[in-house]
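Below, chain A partners chain B and then partners chain C, in two separate complexes.
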Partner chain A sequence: MENWQIVWEARDSLISGLFTTIEIFLIGSVLAFLLGCLVVYLLEQAGPWLRRALRVAIDLMRTLPFLIFAYLLYYGLPSLGVRLDAWTAGLIALVIYHGAYFAEMLRGARLVMPAGGVEAARACGFHGFTLFRRILLPQLLIRVRPLIGNQLIYCLKDTAFLTIITVNELTAAANSIQAIYFIPMEAFVAVIGLYWMVSIVIELLVKWAGRFGRKRGFDHV
Partner chain B sequence: MNSQTWLLLLEGAWTTVWISAVSIAIGVVLGLGIALVRMLRIPFVDQLLVLYVSIARATPLVTLVLFIFLVAPTFGIVMNRNLAAILALTLNTAAFNAEIWRGAFLSFSKEQREAAMACGMTPWLCFRRIMLPQMITVSLPGLVNEMSFLIKGSPAIAVIGIVDLTRVTNRISAVTYEPLPPILAAALLYMVVIYALIQLQALAEWRAHRLAV
Partner chain C sequence: MSEVPVVSLEGVSKSFNGVEVLRDIHLEVARGEVVSVLGASGSGKSTMLRCINWLEQPDRGTVKINGEHIGVDAQGKQMSVRALASLRARTGMVFQSFNLWPHLTVLQNVIEAPVHVKRIPRSRAVEEALALLDKVGMGHKRDAYPYTLSGGQKQRVAIARALAMAPEVLLFDEPTSALDPELVGEVLAVMRALSLDGYTMVVVTHEMEFARAVSDQVVFLDKGKLIERAPPERFFTAPESERVQRFLATHR
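So, the complex of A and B:
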């Protein structure tokens, strides 16, 4: 019981760790999602060369572990003269890595979409970015919604890797508390509980978005 | 990058591969076990397993590895690094595999089971001869996908000091002061491993498809 009191007294570092994790996760996943949308838009519009390059880039990301990519940005880039601090390197890694996953999800949904809708939109005078934003993207989002929750949880879990490149996030906070007070059990149970709570909130939000979508009749388009 | 460096990298790759392989092997079987126990709907045990799957799904591997490695000694359990790593990876992957197996189990047709019973098979024989082979073909794509996620998550074991394919790049650059080449080489090796896994999946799916038709 005394140990839990110590965790409670060290709550400031846990809270700041949680804050860093949520901050990186929120900024990272939103930007990654936008990047994914952009990549799919480019795949739609660009010429064959750029398209092939993008496909290769997506597949590259999907066969790499997240940590090695973060290593590449944090330890590798300085030898090319680009020096990033751990937080920025971690965020950029998260955005590019998960952007590729979002792009792949949306691309998969685009492939199975019937061609008629786009042709009809073209006939109505939609083209370029307007066509993408008003016609394609909403339909793609509806199709990938069940996968987005999963991807967001992977994104949250990947933020923990950033503790290895010295970002002071939630896992790092737990590690420093247990190193100071020798209470690994309590520190990590608290942190795992916090991760669990965040992931439950994510799932509830995704479920809520689904219900909202159903109410607006999105599921039968 | 000389041959010595490549040797170190390959050693790291071997550590990653064998620890992942052991965890995958145990995780797939354990996942099946969890799925079967959940199918029995034993009160309390069922809720406990739901809780386990939910928590394991949300816990980052880094956190889990640290947790197991640091908490075991407080209970007086002597745990070496490799064991802690395998335990963490297994606990994580088993939760995902259990869900995949459960999906295959739930979608199994009732008629086939009834037909097997009508032919006089015992439930165990029916499970072994009729259900399991079909469940394997159905859940194989999901299982292989989870395997590649496990390999992608395996650098987490570096946090407790195991020199895996990711951590070995630190060691090399500590000597050569050139971090970029070893990291790129490690990335290449990861790509080879995961690409091999995907190819294996394609092969397995092709064979499963031939069996099914």
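So, the complex of A and C:
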């Protein structure tokens, strides 16, 4: 039991790691989500060339391991003269990488969405961003809601990779505790519990958001 | 007939993948007129209707709403998305499959375009929308979501949504074709009331009785050509073309 005692005494560093994780996860996932929406809007408006370029960019991100991308931004960019601190590099990596996933998710929902609603909107004089924001996006979001929950949890878990580019988040805190006291089991189990708790909160929030869809008869999707 | 027609199609032609679906269509609809468009499936009726608000883009010919070019200007130049949208807002369209916005309530469906396209104050939009919903007999469902409504109710809401923009012409694309037979009547009754209110309407339909009783003019399309245009009495009793005679014989 003494090992758990050590973990308890090191709780300050775990808590500060947890806050860094939550902070970078929240900012990162919100920006990634907005980026995904922006990309889908551009796909909607763009000519064939930009559309192709965006599709390639999305696919490139999706086939890239997240860790490599984070490495590239933090260790690779300085050779091009761009020097980012670890936190910023990590945040940008999260935003672009998960933004691509959000975009792909919304794009998929757009493809299977019946054409009639958008047509009716055009007939009423809607166009451009207003059409996207008022008519298209709300329906897409209701449809992809369960996938969003999944993606948020992937995003949370990917923040753990950022320990490797020296962001002092939760995994980094656990790592330093286990390295100092050599209690890897207890340190990592404690951290798993904390990740788990954050995931449960995400799940509950996403489930709660589901009532917007249920009220509107979207339960079957 | 010195007045400018609300809708005019001049020499409109359109092909899909090399198949000509509209051939040199000429059509004028005067203010307050109800024009029914008849024809077999695939004759180009819906495509013609959709050319009026440029949801389909004709290959040739001009379309005018109240004398104003829509889609391309007099010089044949493509108009901006914004200009096209504001012209479209002057027409109201009712679709076969209703196409209500499922994330919005009945009332929200009706005020959505007035508030976000026409930018009229929300309170005024709500007031007008409630009057329209009462007119189509749907006032009691203002806070319901579309998925809870029957087909006939959905279509009546869709009509209120089209009316909310105070359009110069109402375009109906087979408004009763997706309805159970017992629900057709309630929608036709609303449309009949609109015609009495003096709305200008173009109605693509298979409802012969409606076309006969309500329209001022009936036009008939066959293989993309407009081959007959007559007042309903003459159209149904003494059509000129042999094609229309055959059509009427099988639809009685």
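For the reader, a short list of remarks on this structure follows.
The definition used in the following text is that the second predicted complex is superposed on the first by the 212 of 221 C-alpha atoms of A that agree within 3 Å, B and C clash if a C-alpha of one lies under 4 Å from a C-alpha of the other, contacts with A are read in each partner's own complex, and residues count from 1 in each chain.
Note that contacts are C-beta pairs under 8 Å (C-beta built on N, C-alpha and C of every residue); 3 or more make two chains touch, one makes a residue touch a chain.
Every value quoted in this text rests on a predicted model; they were computed, and no experiment measured them.
Once the two complexes are overlaid on the shared chain, A:H127 sits against chain C while remaining clear of chain B.
When the shared chain is aligned, chain B comes close enough to touch A:S79, but chain C does not.
Of the two partner chains, chain B is the only one touched by A:S199; chain C is not.
By the document's definition of touching, of the two partners only chain B reaches A:N175; chain C does not. The wider contact with chain A, measured as residues touched, comes from B rather than the other of chain B and chain C.
In the superposed pair of complexes, A:W87 makes contact with neither chain B nor chain C.
In the superposition on chain A, contact is made by A:I153 with chain B only, not with chain C. In the superposed pair of complexes, A:I68 makes contact with chain B only, with no contact to chain C. In the superposition on chain A, A:F188 makes contact with chain B only, not with chain C. Overlap of the chain B and chain C interfaces on chain A comprises no residues. Those residues of chain A that touch chain C in the shared complex are 114, 116-117, 119-128, 130, 134-135, 138-139, 142, 215-218. Partner chain A is touched in their complex by these residues of chain C: 53, 55, 81-82, 84-86, 88-93, 95, 97-103, 112-113, 116-118, 145-148, 158, 161-162, 165, 171. Listing the residues of chain A that touch chain B in their complex gives 60, 63-69, 71-72, 75-80, 153, 156-161, 163-164, 170-171, 174-175, 178, 184-185, 188-189, 191-192, 195-196, 198-200. Across the complex, chain B meets chain A through its residues 54-55, 57-64, 66-67, 70-71, 74, 151-156, 158-159, 165-166, 169-170, 173, 178-180, 183-184, 186-187, 190-191, 194-195, 198.
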